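Dropping a structure here in structure tokens format, bear with me for questions.
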Amino acid sequence: MKDSLRWSYALNQWNVRLDVFVRHEDQQRALKTVSACGFDHVELASGTGRWDNISRPEVILLNHGSHSGFLDFLRRAEVHGVSSMFWDPQAPAEEEEGYAFRTTANPDDHDAIVEWSKPFVDFLAGVGAEQLVVRPVGSAWMTPPLGADGIKVIGDVWNRIGELTSAAGLGLALHYDCLGAVHTAGELTALLEATDPATVGLALDTAEFTVGGIDPVAYYREHADRVTHVHLKDTRYADTGEEYRMPGAESTMLKGGAGRRIERWFYELGTEGGLVDVPGFVAALRENEFGGWVVVESDHGGNPAELAMLNSWYLQHELGVPKR
Amino acid sequence: MTASERAIKWSYMDHWRSNGPSGPVDQWHSHKTMSAFLKQIKATGFDAIDTFDFRIWQMYGDYGGPAKYQQVVQDHGLERIVNTFHAADYDLRNYAPHLPETHEFILEDFRVTMGRWSEIQLDNIIVMPATLYYDMEPVTEDKLKYTAECWNKVGEITAGYGVRLTCHHEFFSGIQSEADIDTFYSYTDPRYVSLFVDTAQHCIAGVDPVALYNRHAHRVSGFHFKDTRNVATGDDHRHRPDSEIMAPTTGKWFYEMGTPHGLVDFEAMMTAVRDNGYRGWISVEHDKANKQGGDYSESTAVSRWYAKNVLEEIYR
Amino acid sequence: MAWTKWSYMDHWVTETPQGPQPPSFNRASMDRYVKQLSALGFTGFDTFFFYLPVYAGMYGGVPGFERYLQDSGFDKITGIFSAYPSATRYTAPHVRETHDRIVADCTNTLRMCEGLTGVENFIVMPTSTYHQTEPVTDDTIKVVADLWNRVGKLTLEHGMKTTCHFEFWGAIRTREQIDTFLSYTDPELVHFFCDTAQHTIAGVDPIQLFRDYRDRCTGFHFKDTKNVDEHEAYRTPPDPELMAPQVTRWFYEMGEGGLVDFPALMKEIVRSGYDGWLTVEHDKAELGGGSYAEATAVAKWYIDNVLAEAEAEVRAELEAAR
Amino acid sequence: MSAIRWAYAINQWKPQFDDFVRREEHERALKTISIAGFEGVELTYGTGRWEPLGNPQQLAANFGSVAGFREFLRSCALDGVSSWYWDPAERSMEHLTGPLSPLAEADVPAIVDRARELATALAELGGSVLLVRPVPGAGDVEPLDDDAIGRVAACWDAVGRATAEHGVRLALHVDFLSALRRDHAPRLIDRTDPALVGLALDTGELTVGGIDPLAVIATHGDRIAHVQFKDALAVDDAQEYLQPHAHWTVRVRGGAREVPRWFAEPGANGGLVDFPAITRALLDAGYAGWIVVESDQSPHPAASALLAGYLVQQELGPMVHEQRKAAV
């Protein structure tokens, strides 16, 4: 995409299960699709184990030998780099003490989480990426409500990791999601205030904000100085304000197991009935001369190649971004 | 560089399936599925589309005719409809180019068809010039001559509408061997009958598409760029009742260009296109891409990626 | 009387609005899944250890999940599959220092199974990948055997037999290695689980193996393959199962012209007097445009129409000999 | 004494013209039908070389002969074909004919010939019912006056006489777009010969058309010659079926509401049909014959067949058994 904004595409929509998107030729096809749609950078999302070989730093290196080996792999498809990588320390991984369950809300877990972050920092620096995008805290239904102190505890560990990323020349961006224990605009602002603006930024995901009940455009305008990374996707639904607290909300809410039984929440840009004011949000980015990466994603849904092409069309024809 | 400065523009031949709530549907299913199709074609950088003759009913029924449908295509940022493919029901009883007694029926078919399309300007109307192989064999000189006479007359009709009649040689059609193709063109009138090179079909028939093109370049009015992984063997080209889907040796003949293990040498093909000074449209096709777990969206993206990153480096 | 104890190994992928997902996507998709298995006539259900928390969450505990299966026509949960396919610093069967952790994991899994009707098998992959374990020496096999002797004792206390499922890409894969391993393990504590496809790919005859270890065999995965590993895919990093360059799909359902002689195996089973569960498995059935529903239907069709005949033949022989 | 047999309809496996052409695909579908517990398969008429199961000529071209196809069915452990669905408005590439209409007296001889051909093959395949679309869609013909109904009745009487010679019953299949939908079906049925012409009760079509299948069983139970069980997910309560080309705009596209899917296998989520009640009513009415289960179209054909198989095995089949036991 030829634009003053820098556009990247998230690969997570292809990696829908543990045993798919493993063969290199399947990954090449996805990368070529991204490239044919006009994107030349991608965002990776972490995973675990030998089949997450375009997700987990150690496994990527095992597959491609070195950072430059991986970059060569991307370049074969005319994808020129990695913008960023998403990591959730709350998600158990075999590489992290054999599926240990830890949370940023627990100060006793902080040393381990800081340790766990190091392979990501090294990898991202090695491939010339810019942002480590993280889930700052686990799901609300699993955690007692966080007071001001609780939020401060979470801020502490990210400040520590922010020092590491900073030293490696990377940014650290906290990615708000609609299930997180930091849920309201007030809580999110408190978390930002508990972190060091010099090293820790916010990853603003337009759909997650909307589902969670925060207006992405308004929030961005108020906190533009802290937003260092963007995920652009749409949603057709907002939480009623309660569903995110249902036990097992990852499934009961986001897979329609209970509540209103909505089986798919996230959609491509331009979807019918989409709630996000995408043009308004992108206009706000331009007004503020946003310099970070804008990562387009649509999460899991239908057909990944179709979603990538529809997103590309939207950028070209609704947002007027020339492809090349 | 703008489209008008380019020597080559890319059109997409409209085979397409996506998954609907009741199973696979094509893009003509609804205005929404059509819009999603056109958006995806445009997003990957195609300039236009090709279509089938039998779609004209949906163009009239759903869009108010070819001109209005073309407007929808243009509303999605695409230039126009470039070619149409005339998929006829060949039958020895009434529609067999090598049987002169069926010619009047065929000519009448084209008079009617061209009238239906007359509200927009097409470049080519593409035909399979012969019946299925097993309905034409043995392929004799006389049969080739009758066939040529038939298309000379049809070509005159289409020329009256400013549209070129061009022949697309399926591997299972009566005229598919190198020798028969050459003979056929020696009997047809260059003013009225052109050649449309389908890279995969020739390759499956054991004919080198690059050499064929180089030999007939002055007669070529377009291309289907698609790939294959198999050459027909044994009776594949004359399998009853059908070769295209039912040949026992091969469950899926066609792949998008850029596929691994593809047999077509597209770089050589593109070099030949350049060296012959061809300017105009190349159509990309990958019919039945959804077979065996494949997916049209992805095949479309991968083939356009290949056109941009490999072929346009050779000639654009 | 045809064989009634057929169970289904819980690989399955179904279409959801979020793409192809396991049926545990939500309860509605579980309902559809379980009804389909039941319609085919499966009465046993084998699953993975990592699905237990998922099912427990959806049905108020693993026993609640089993009751749900029983309401749909199943007898019970018949097997639990546990594995460490990748060796890590924390868990690696060939590294003695990690054994305490593995035993602790198994204890957790067994705890989740308390209150079930009667799981027969605790199925394990005895090792991680070959390429992470090699060289595979006598000592390596001894270390691994010690671990499963420990686990075997533990599971037996919970009424389950620890039984070993050998992958073609695992560190114990040749006939010789399997013999060594079984000789180092206690026949009372560690059993043999026969996966027809895995052994065939590794170049081992599953029928002969069953014949030789009949007394220690506690179960089968009936699945097919079309390839023997001829390119040492088993030891090729990073992953032989999905990433082998020469073979994109290893596993097929029965009845698709594969290499395993299932009627011969069925006859052998009936002759041997084995009376446990037989399990159908086919992972990666969706590759090449396949569907799990159809693969499962076609496999069960094969059981009812081809294997039933093989079984009847042997029963008639046995009857005549009496 | 009830003798109900269960079959499954093949049509859901062929969403597009170039799908479901190869032999191995047919084999897997037929094995799936068999293992789900069905005895027979219902075919749908089709034409041309990509419809290998569409008509007797194609069966012969693909299997050597009609008997060759029966062998193929048996190799898949299916007993035979239950029935064949045919709409005379479908053209025939094999006969080089376009649409035929029961309203046009000139077309009747050809309709009778074609039906005889299908019935001959059906008899050889173990089938007993030819289903036909008795009239075109409501939006595509003039309203049916008394004279028109008379012509249609004469046509189907003639057809029924021809199929009966082969032991095949004729069943009129009224779909939700039919020009008979409103109240003409009883008028037509009453004017046909009960010995020659029966009614096909399609639960899904009736329900979408706003007609209660139970009411049809109550009034015309003795005329039911064939039953199709499919579920309905929505009702055409806005009378959209009266529009021209409703086959395309309403049935395929879902009409103004864009109903994503009208039909599904019995027991699907959101299904409107009460299958146990209908089964009970059919048993009470003494229905004997095929019940063909279908989903019409499906995003996942094998799953639809298995889910339907579950319902038949667990619930509907046992009701039939009970009745049979009670009768003994």
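All chains are identified by letter, namely A, B, C and D, in their written order; residue positions are counted from 1 within each chain.
Heads up, the rule we're going with is that contacts are C-beta pairs under 8 Å (C-beta built on N, C-alpha and C of every residue); 3 or more make two chains touch, one makes a residue touch a chain.
For clarity, every value in this text was computed on a predicted model and none was experimentally measured.
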| item | value |
| --- | --- |
| Which of A-C and C-D has more C-beta pairs touching across its chains | A-C |
| Chain whose average C-alpha position is farthest from chain A's own | D |
| Chain A-chain C separation of Cα centroids, rounded to whole Å | 36 |
| Rounded Å distance between chain A and chain B, as computed from the means of their C-alpha atoms | 43 |
| Inter-centroid spacing, chain C versus chain B (mean Cα positions, whole Å) | 49 |
| Two or more partner chains touched - positions in chain A | 302, 304 |
| Chain C: positions in contact with at least two other chains | 15, 28 |
| Touching two or more other chains - residues of chain B | 19 |
| In contact (per the touch rule at the top): chain pairs | A-B, A-C, B-C, B-D, C-D |
| Chain D-touching residues of chain B, taken from the complex the two chains share | 17, 19-26, 29-30, 61, 89, 91, 93-94, 240-242, 245-246, 251, 288 |
| Chain C - residues contacting chain A, complex | 13, 16-22, 24-28, 57-58, 85-86, 88-91, 101, 129, 237-239, 242-243, 248, 283-284 |
| Touching residues (chain side chain A, partner chain C) in the complex | 16-17, 19-20, 22-24, 49-51, 53, 59, 62-63, 94-95, 97-98, 247-248, 251-252, 255-257, 261, 263-264, 299-302, 304 |
| Sites on chain D touched by chain C in the complex | 28-29, 31-32, 34-37, 76-77, 269, 299-303, 305-307, 309-310, 313-314 |
| Residue numbers on chain C that touch chain B, as the complex places them | 15, 286-290 |
